[in-house]
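Labels A, B, C and D are assigned to the chains in the order they are written; within every chain, residues are numbered from 1.
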Amino acid sequence: MLYRVIDASEIPLLVNAFMESYEVVAPVETDQGVNFEVIDSPDEMKLDYISTVVSPKKYFLPPKEELFRFDAQANEVLPTCVEFPKRVIFGMHSCDINAMNRLDLVFKDCERPDPYYVGRREATLIVGVSCMPGENCFCRLWGADEARYGYDLFLTDIGGKYLVSMSSVEAANILERSCNPRVATDEERQAFRNQTRRRQQSFNADIPEIQEVALLMDAFHKDPFWEELGGRCLGCTACSAVCPSCFCFDIVDEMDPDGRCGSRVRLQDSCCSPDFAVVAGGHNFRPDGRTRVRHRMYHKLNGFLMTHDRMLCVGCGRCVTACKADINPIRVLEFFERKGLDNDE
Amino acid sequence: MPRTTISVDHVARVEGHGNVHVVIEDGVVKDVKMEIVEPARMFESMVKGRSYKEASYISSRICGICSASHVITDLKAVEQAFGIEVSQRTSMVRELLVYGSYLQNHAAHLFVFATPDFINEASIFPLAKSNPDLFAKALELKGLGNRLCTAVGGRSIHPITAVAGGFTHEIGAAEYLAFADEMEAMVPFAQDVVDLFAGFRICDFQTQGDMLALVQPDYYPVQSSDTLRFFGDGVEEFATADAFDHISEYQVDHSGAFFAKRASNGKPYMTAALARINASWDHLGKTAKIASAKAGLRPPALNPMLNNVAQAVELVDALERCARICRELAKGEGSCTPAPVRPKAGVGVGVTEAPRGVVVHKLEFDDRGCVVKASITTPTAQNLANLECDIRLLAGMLAESGTSERIIRAEVEKLIRAYDPCISCSVH
Amino acid sequence: MMNSLRAPFGNDGHVCECAQHINSISGRMEIDPLGNYSYPLSGQELMAMNPYRPWSARITSITELTETEKLFEFRFIDERIRNAFRHKPGQFVEVSIFGVGEAPISISSSPTKEGFFELCVRRAGAFTQVLHEMQCGDIVGIRGPFGRGFPLDLMRGHDVLCVAGGLGIAPLRSLINNIHDERSSFKKVTIIYGSRTPSEVMFRDQFEMWRHRKDFDLYLTVDHPDDGWDGHVGLVTAPIPTLELNPNDTFGAICGPPVMYKFVVEEMRKRNISYDHIYMSFERHMKCGMGKCGHCQIGHQYCCVDGPVFNYWEAKNIQGSM
Amino acid sequence: MRSYECNRAANSSEVECLPTPRVVVIGLASCFGCQLQITNMEQHLMDVVGQFELVYWQLASSEPMPQEYDVAVIEGAVTTLESMETVRQLRQKAKTIITIGACANTAGIPGIAAAGFNGHSSEVYSQGVPNACGQVIAPRSVGSVIQVDYQVPCCPIDFYDFSAVLSRALYGSNRTVPNRTMCGDCKRNETQCFFEKGELCLGLVTKGGCGARCPKLGRPCFGCAGLSKDANLDAARDSVARYGIEVAEFESRLQLFNQTNEALCEGAKGEYHA
């Protein structure tokens, strides 16, 4: 990987350079908290944020997306064509980049790539930025606190300057054109090392560090804990809405008001939605909060690991805030921690 | 024509359920009953014990058409009770919201409800084929009102954003300016509407009742005034806070809505666009005033059938006024952020001009901000007594001249619709 | 303004794309309703295009099987797609009736019959209601085939024991017909098919013919017999203990209502059929068919790509499968 | 329930439709707002109306109520014996019943008066309820009197929801009517949660699918879509308490649109006799 250093004061130049040929989205602070939005000027951006309410996955998997138009009377697909915007997501954290890498496995680097996802993904440049953990962050537990790939540029704050890892030619060209990237000095390398260590040491120590979660998930599959945790699920799907790695969706037809044509639409969905596993005829394979929450946690903390060799959860902590019923992976970790203590006694 | 009873069950093309019965014997009207058979929902009783936060939300549901007016009226009552001052900007946005409902209501009333009477159709839908341009333009005007309400209030009816002390959300300057442009572009059509309705033939008679409207020095008020005026048989001005001292409500058996009379002289009265124009003619915008004069509508105008024309004139005025307010708001001065609310025991009276006349909400709160007592009167309820008198007058006049029953019936329905009654609102 | 407020969620205002090919330079995708591909099209090419796009197929025959079930025969309108379409027994297609929606339905005809395919559909909800009202000549959209079917290659040269309950006969019929068409490649084939009542038994004539010709050992069984019923009465598990079978040489294939699996598997295990020789088809609501949407997930597996046919060993290793 | 399926013929020129369905629109105790909402989407109004024959709509036309019709669209709550009879007749004659808006679906705002109903009516009408009001009874939803086929939720309804339900009723749809509660939609809007500001919001238990418009505009949910069938009320009470909000306020707020919901029991049940 190529590393260069730029001054913090050069960031606006970089953003402006991107804006010449891309739509730039970046974290913006409003009365609704920090969220990724399209910006018109680098001044609108807030790079030193802890977390956004919702993850930037909406730029790859929009909450609602039209797949194609159809004519319901002739029962045929209609020719449809719209552009993917060329876009830069500026200021993504490592957890979100890692989450996107996981989405890539499902939608891009797989047997049947999803053309909509791939189209958006390939039209998008990613500029990552380093961060310090908030109280709900546990990305380090899954090794998601560092993004090894999946970005075009990654900026690590080393105090008034940024160490930039450059991974794509397209982004490197723009960086070189707009800023004055220079080779890192020994001091700057030292600062980078210190920054990394400071981040690693800043995680909330109250969150139990349990490495063998996936095994424990299997071992405690029938534990009453799942009733206690899942029994309080409100069935709202906020967890999946904010999660950077949740990708379940529904496919529905929406008719135009005139009842002639319509759109086949993909909607974000969630396995915590009460009717998610209902089949024709009405049988629900996961009829209660216990089975639904357990299923979700399994997919996050065990299932994806089985099929793709990494946790699906990236430890971004958004669901900790979003879930009003206090259901989140930290509670699962705490449960396993308690189990350990019980055995010691 | 020895004895005839003209009965219309479920008068169509009005909001709500009303029947009218007119008994004519030997050319003389013996009885007129405007039956208000709308189901009673007991709003005044159901809001008791509920928090001020819920009061305006609930009272908005008194009426779909006048929801913006009910909300603003209720909020004004809450604010008076708690001693909250709202910003100038909040007041302007509220005015925009009320006017948005004027555009919706007047356009809907004039075209969907009233026009079929004058073109001999049962509904507006045939007009879509016979005069597609007029139909499209009328819908566009109504749509503009809807969009204004949606932009300001969050949806076209039952506004979301209006709360005690301000608004929870406001649109940006660019949207305000876009609205201003659209409003101005719509004025010529509104002028045509005035001409259109001025051209419809109406029976020539005058209401014998008084009139009631909000008044304000140098302004055509719809929500900004604290003064009400009775006029007709003597002028009487009073503070909105004392509204229920001057309006006397009474129960009749053939109506779920309370009837009303002017307390001081016991006379029925009319409150409507026509009353506003009579009261505040001087403060109409120039374009509206010219359009009105050209249509032959200038005070004193006492034929209730002219209320249609008065509404059309108000369309012109509302468009210009809204455009001005939008441009002002686009400058971004001041804030609508809700002022802090500290509930305390007390009484507040809110009064605004709903599209069809004066609406009054009086709320009494306990120290937690929960409603202890609520009194609400709507323009339609206040108009019912006067409407009955007018029907008697009109039917008598027509019967005397030997008009056929069919035509009397049609004219009576026309008169009822000219009042633009909002029946579900009147029985709340 | 109104529309932007209406947008159910979110504020990605970009109208979306329908996709066929991605032109990486402009980030633009185009779709040609008929497809602009060289002939003939391989099945893989068919899927390599936009996998969400259904292809028009015409209903060419409708057979009423029972009061609630009909057998539909479909033919793709585009000849290239018709020729490219190949499936395996146990696979399913996504059927579209535009405006009504899409539903996964398992293929009921044998892969040995080319140029058309059959779906056996029970009227159970809004979608199948509309499908049932359709006529010959009407058009639907078809995506697929999807999923992992029964392992025909493994089964060749061995005994096969098929157990179907109710509508479970639909996917198994594909397997059975396929076996029938290459009968000499298989050894002893036993079919146990249970229904609630005689009137709910589907494909009876076909079964009777095969029985007559001694192609298969056939056990038709019902829960509630009527006067004319000459078959067995009772559960589908009943014949299993007394079957003549060679456990090391037998493959089981099971499909039926969810409650049936456990009991049938138990009986097969009692007869010492190996874990990985017992195959079963699971029912879930596959919405995308490509291991993405999550609706058909069982534990960590996706019914639509890892299944719907799993062997018992795999199923045992999926949390929450049975 | 559906019976107007257009034959989806091989090519569009052969499209042959059964007679267009005849629709009546009936208003019971309500603010008329939901009927207005239908007219309020001017650009699509004729598109929607063009799919059926609108044979009775008191709000827009003076044509009298016909004897035969296929679809009845009902707005408003049942508050009188007379309206109870009306909806029963509608059910007998119409193949399909669609209720629109909270009043019809849950008894809505009129339903607030269901608790202690007799007290409310005598308080408003000190001289006795006028004859014109009919024989008043405690307000109830249409669905508690007759079987309802489709519902358009919220107060007021959204035009597009109406259009979608109409499509579903006329042509069929296998789209799931969601039982999830609202918070997920709110998060998809990227709205910050009211609970984090110490403010009560009913999104926790209210049926999702409305797009969480109110929270997006800064106003907490008052529950107009009605309780979700899968609402987890006990867990929601715990959540309310966890955020330092009085559970009593939550219970009270729930009455706005769910007064007669059996999940909240008591309510006006005692007075539910016709």
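Rule of thumb we're sticking to: contacts are C-beta pairs under 8 Å (C-beta built on N, C-alpha and C of every residue); 3 or more make two chains touch, one makes a residue touch a chain.
As the structure is a prediction and not an experimental result, all values here were calculated from the model.
Centrality by C-alpha centroid: the chain sitting nearest the overall protein C-alpha mean is D. Seen from the Cα centre of chain B, the chain whose own Cα centre is farthest off is C. More contacting C-beta pairs link the chains of B-D than the other of the two pairs B-D and A-D. The distance from the centre of chain B to the centre of chain D, with each centre set as the mean of the Cα atoms, comes to 26 Å.
The distance from the centre of chain A to the centre of chain B, each centre being the mean of the chain's C-alpha atoms, comes to 52 Å. For the pair chain A and chain D, the distance between mean C-alpha positions equals 37 Å. Averaged C-alpha coordinates give centres for chain B and chain C that are 63 Å from one another. In chain D, the residues that reach two or more other chains under the touch definition are 8, 41, 158, 160, 167, 171, 173-175, 185, 188, 190, 213. Each of residues 58, 63, 71-72, 74-75, 241, 250, 252-253, 255, 259, 268, 278, 280 in chain A touches at least two other chains.
Residue positions of chain B touching 2 or more other chains: 146, 154-156.
Within the complex formed with chain C, the residues of chain A that make contact are 58-59, 62-72, 74-86, 106-107, 110-112, 114-116, 118-119, 122-123, 218, 221, 241, 247-253, 255, 259, 262, 264, 267-269, 271, 276-283, 285-286, 291, 295, 298-299, 302-304, 306-307. Only residues 2, 5, 7-10, 41, 158, 160, 167-168, 171-175, 185, 188-190, 209, 211-213, 216 of chain D touch chain C when the two sit together in their complex.
For chain C in complex with chain A, the touching residues are 7-10, 12, 14-20, 22, 24, 26-33, 47, 50-54, 56, 96-103, 122, 124-125, 127-128, 138-141, 258, 283-285, 287-288, 290-295, 297-301, 305, 319-320.
Interface of chain B with chain D (complex): residues 10, 12-13, 15-17, 35-42, 44-46, 50-51, 54, 57-58, 61-65, 67, 104, 108, 112, 116, 122-125, 128, 139-140, 142-143, 146, 154-158, 160-161, 163, 168-169, 251-256, 413, 424-425, 427.
Interface of chain A with chain D (complex): residues 31-33, 35, 53-54, 58, 63, 71-75, 231-238, 240-242, 250, 252-259, 268, 270, 272-275, 278, 280, 289, 321-322, 324-326.
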